[in-house]
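The same chain A turns up in both complexes below, where it pairs with chain B and then with chain C.
Let's look at the complex of A and B:
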């Protein structure tokens, strides 16, 4: 039988693989004509990244050279674009003439997605798809001191960034999302990857939204939505791809997101036309990784050879081609009901492993730093095997299966004497054992003698295990409770760790603190969020998702689901205009209850969630801001009238109260903080049961701290006496900052003072003037970021969040 | 391909030898002396104390050492080396944490035609600076290198430093444009192998071998990964990159090349944890000589680089 005419449009990796299979299973069945708009044949496109970096040459990644095409009788029409397909006459129209076909394969691949920002067409803005793009980048790297901005922190963008860096460029990666490669990695692995790239001198900016690319004639800079401007000699857009369907559309074939094909890769519109690769859509899915394309090629070769086969979508895995970055991800690792995580972290080696299990089956895996067993895990995901029998040791990989469960003490016992236990202070197991043998019988004693666990604290558990191994039952593990089930570290350990290792993001803490969960829990996240923003106000970005509902909504939720709104009244002083505005708001929003609070404020109770932005806007318009009645932060400063009106007043207590409130409002603290200033020892403002209470006396101001009048009742203790108002304010700020820096989350100041003791606080806040100055400066720096009215911010940026999603009652009634 | 070379060409490195600690001295543990058998037989009979001669100096100083002039140095075999036409040497210590495992010494002869580079880069204040290097006739490139520094992640040395992984670069002269590339291209340097050299303490050293078409350092380069995090609990290694004058690219996305300890010369490096120098190899890598260098990390061999002359 005479061979049929097969025309293939596109020489991507899929069509190369198709021809290999076809010539193998049906040699001589087809006369093949191959079109390619690029002036070359098939090469291994996914290896362009090492070509960009210089770690491979282009010749090495060519998969089919001229000789191969010649040997297989393929007519090559490279560098020639297909302009039309005439399905009636069954001809493909190229720029240089027509070719008749019996069967046609459209394998036109994908086109890069270019974000529609001003300047996207400037010279120097390139995508990253083919050799031309790669060469343009290599060319750009040729100028000394040149700078690249890569938009997109996915696979391609990061490979481009690493390649350009190796070529000698200064590289910045802009990524819109909160962590890199968010489709393939979770936040913890994304954090390790970011660290890895930063070690290579690549700057990574997350949540960075590109607003404009600027330049005269050629690209010169990239402007971000937050106003940042980055100089750039080249901008690489690697934000995604979309199926290239121009030829399929022009041929009148059905095209959705891609050219629609059935499981035999046949166009649903024409049985003689087939689709292959990134240009197709099958069962609603489009494809970007190479593995499914190879599967398609195999199926299509069989279809063309008259054999039966069907394409099915299977699980995919991802690896990043950046030398020295070991990462792997496969399957589904999103959170979901009924899903459980097994997490293993080794902070010292930078290893993170996470398995996602559902119904006793492994459905997803993310590994960073140790990918040795990734194929084994990928196999488990693909087969859907029941893993319940091996669940305890699953995370340790195939080598541990069938063995006894791992005892951490056995591992510690097996460590040689020279094994380093405390990396910060360079303390080996042998030194700790010697200290224990010489009488150190608990953690504190070992820490005092050897310094082990005295710095960042991550090795505390290990030191305790050495104690347990050495002393046997003479040592009992301390009763101090860990922060939550996610970690073995206590709150205090975590605070030390954040400061000691300069950890500035939650994923960094999870990794360094060997969290057993992928992304914390409802218990540790609010605490971590506070610790990070308190220690790194500039670098860390507040995470509203890690806050309790009251702080997320900026209002206290009531038992009927409505909210309370309480505007700030500085020092408890108000005006007729403010009162009128409050009254108007109460009328307008039908507020059922208006209450004067113990802290000298007016609380509006019973407000519907959807009315919150509007009532805030009205109160804002009258000059009032949020009273933060819901926050772990400064609540109120209660005052008495002081010298202005009172016969007994010794100082301007109202004025000082207002000054204190204006200095402190908006700050986040481990728990709520209430202040009061009384104008004389008669103490009308009840300052002696506040977290910070000032009693004015003739000689100045008595600053008391650590009072309580709730579940516990406690009188303040005298921190210091101040001669001037300025000194009183400084002492109050320094005390609150010390509390912010050291207390555990949800400890009121009196509880914290009970742990550290007043002398410890006095030594820092009162006696050490330099430390007091540092504390005040640190607080003021934090206030430059956090002292803002959340009402105004939410009214401006997030009003739609408060609208009800749908009025279900109405729909039901209709 | 552009890295293909005529195997008859005399390579840039003439002699490779291994020294291992025995008691408090370094003893000869193998070498490939090519035609210079007299120098070889003299070398086999001597040992070095800590600080003595070139290997002893690398041991004592805990870093790679480049020696470009034997006269006036503490090189112990000056007379024999000069008689053999050798004029420069580089000693590369192999440390497992603080423990010296061996010293690999390579020696080169001076000639107007011999182009190549063996360089040692050292970190100072966050930048890699050239500690020293031997360049043969590539004098201009030597000058450029002396006036170049590499931040983390940039260029071959900076890339090796940042990734803590050996890297094999192609087309140093054409595509590798910015950093020293112009001069590298003019000198005919095409392929570069960068190797992290772990030493005791917090110092960073990177060794680079830059090979020219005419006088290649080697005809075949291989990089093997043997970290447990890459190969699992097997005592094995996988080839992660390589290039060969005869076979072309050695890496394969689809077919992983894997060896176990003691399988072949690379397996011997893995099994013994020591560098291996061999000559007259059989099989696909049938070149005149083999050098395999283990790179330790966290107390075990993490990677092996091998070159075949």
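Let's look at the complex of A and C:
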């Protein structure tokens, strides 16, 4: 039989593989013409990254050379783009002329997605797809001191960033999402990856939205939506790919996301045309990794040879080709009903492993830092075998399967005396044992004597195990409650950990604290958010999604889902103008209830969520700001009329109250904080049951702390007496800052005081003047960031979030 | 055969991370959630306990905690977790080219009980 004419459009990884198979199983059956828009034959595209980083040369990644094409009689039309296919005449139209076909393969791969921002066409803006892009990057890196901005923190973007960094460029990666490689990694692994990249000197900016690329003639800078501007000599856009379907579409073939093919790789519109590689869509899926394309190539070779075979989509795994960043992900790792997570973290080694199990089968896995066993796990995912028998030890990998179970106590008992237990303080097992033998019989005592577990706290479990091994039955594990089901650590442990290890993000805490869930729960997340912002006001970015609704929407949710709105009324003082504005707002938004609160201000209750930004804007216009009546933060400073009007008043209690409120408002605290200032011991402002209460006397100010009048009733205790207003304010601030730094989330000051004791607090706030200064300065620093009116901010920046994203009630049909 | 009607809700980034937005429908509000893994789920916005607005809850994993009394629901099945008993309706969603689509076939109709 005379050979048939086969034309292949696209010389990529898929079609290269196809021709190898075809010539092997049906030699001489086809006379092949091969088109390629790139001016070269087939090369291993995925190895462009080592070429970029300088670890390989281009020659090393060429897969088929001229001799190979010649040996197999392939007519190469490289550097020639195909512009049309005439299916009636069965010819392919190239830039330099036509070729007739009996069978046609479209293997045009993908086109990089270019985000439609101004400046995208400037010189110096490149994608990352082919040798030309790679060479452009290598050239840019050749200029000393040059800077690169990589848009996109996925597989390609990060490989580009790492390569450019290895070539000595200053590199910033901009990623729109909350963590890197979000399609392949969960937040924890994404965090470790970010850390590793930062250690290499690559700057990573998350939730960074590119607004514009600027420059005259060539790229000079990238502007973000938040106003940040980054200098750039080259911009690499690696935000995603789209199947390249221009030819398929022009030929009139059915194209969805990709060119639609059946399991024989045949176009569903024309039995003489086949699709192959990233340009196709099969069973609703499109492809972006080579493994499935190689399967397709095998199937298509058989189809062309007249043999039966069918393509099926199989599980994929991903690895990042950046030397030193070991990550692996496979399968489905979203959590969900009936699915169980097994999470393993080794904070010291930076290792994170997560398995997702459903119906006793492994269905997904994410590993970071240690991927040695990933192939074994990938095998389990692919075979879908029942893993219930060794579920408990599964995460430890193949080495542990079928062996004896590991007893942690036996392991600790076996440790030599020199084994280091507490890394922070350099305490070894022998020292702890000696301390225990000398009478330290619990964790607190061991900590006091040896300092073990006193810094970051990660070794707390180990120290307890040493106690258990040494004391035997005399030791009972302390019944300290962990923060929540996500971790074994207590609130106190976590606060120590955040300070000791300088943890500045939530994924960092999850990792270091060996969290058992991927991203915490409604109980630990608000606490962590507070701890992080209190300890790292500058570095940590507040996470509204980890806040309870009231603090996220800056209003108090009511039982029917409406909200209450309460503007600040400094020290309980108002004006006719403010009252008119409140009355106007109440009319305009049809507020069902207007109430004078126990906190000396006015509450507007029953407001619809969508109306919040509008009513805030009105109140803002009248000079009022949020009263934070919803926050774990400063609420009110109640005052009495004091010397201004009262015949008994000794000091300006109203004035001091207003000054305190102006200094403290906007700050976040472990629980709410309320103050009051009374002008004399008659105490009309009820200052003796507040978190901080000031009683004015002739000689100055008596500062009381730790009062309660809610679920518990308790009188304040005297912290100090102050001579001046300034000193009174300083003492109040220092006390509140100490509370912010040390208390556990949701402990009011009186509860916290019950744990640490008033003398401990006095020693720091009253007696140690340097410490008082430090506390005040730390508070003021935090206020530079957090003392702002959230209402105005939301009206300005996110009013649309308060509205429904869509409304189909109005257009609804009968 | 019934037709499916997909409503284009806009960009994925219009929904906050670990958060939700509401869609008003003749059947009541639907909450469209986006998780940390960028999975999107749509469920009824009304908690079966005392009608708390679930779109305002804290999202963790593929679950949401009701803001009023802390019932926790699976966003995938709609089932209440733990000791609580209840189920919220779920609706199909799709994400394509970073746009979010909601199947509103059943939600358009006023008459469904």
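Rule of thumb we're sticking to: the second predicted complex is superposed on the first by the 775 of 814 C-alpha atoms of A that agree within 3 Å, B and C clash if a C-alpha of one lies under 4 Å from a C-alpha of the other, contacts with A are read in each partner's own complex, and residues count from 1 in each chain.
In this text, a residue touches a chain if its C-beta (ideal position, glycine included) is under 8 Å from a C-beta of that chain, and two chains touch if they have at least 3 such contacts.
As the structure is a computational prediction, the values presented were derived from the model and not from experiment.
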{"item": "Partner chain in contact with A:520 - chain B first, chain C second, else both or neither", "value": "second"}
{"item": "Chain B versus chain C as contact partner of A:351, first or second or both or neither", "value": "first"}
{"item": "Which superposed partner A:38 touches (first chain B, second chain C, both, neither)", "value": "neither"}
{"item": "Chain B versus chain C as contact partner of A:182, first or second or both or neither", "value": "second"}
{"item": "Touching partner for A:551 - first (chain B), second (chain C), both, neither", "value": "neither"}
{"item": "Partner chain in contact with A:789 - chain B first, chain C second, else both or neither", "value": "neither"}
{"item": "Which superposed partner A:561 touches (first chain B, second chain C, both, neither)", "value": "second"}
{"item": "Partner chain in contact with A:337 - chain B first, chain C second, else both or neither", "value": "second"}
{"item": "Contact residues of chain A, present in both the chain B and the chain C interface", "value": "none"}
{"item": "Interface residues, chain A side, partner chain B - complex", "value": "44, 46-47, 51, 53-57, 59-60, 138-139, 141-144, 146, 162, 165-169, 199-202, 322-326, 349, 351, 369-373, 397-399"}
{"item": "Touching residues on chain C, where the partner in the complex is chain A", "value": "7, 9-10, 13-19, 21-26, 29, 32, 35-39, 50-53, 56-63, 65, 67-68, 70, 72, 74, 76-77, 79, 96, 102, 104, 107-108, 110"}
{"item": "Chain A to chain C touching residues, read off their complex", "value": "176-179, 182-183, 186-187, 207, 209, 257, 333-337, 517-522, 525-526, 544-549, 552-553, 557, 559-561, 609, 801, 804-809, 812-814"}
{"item": "Residue ranges of chain B touching chain A (in the complex, touch as defined)", "value": "1-3, 151-156, 158-159, 162-165, 167-172, 175-179, 181, 227-233, 241, 243, 248-249, 253, 298"}
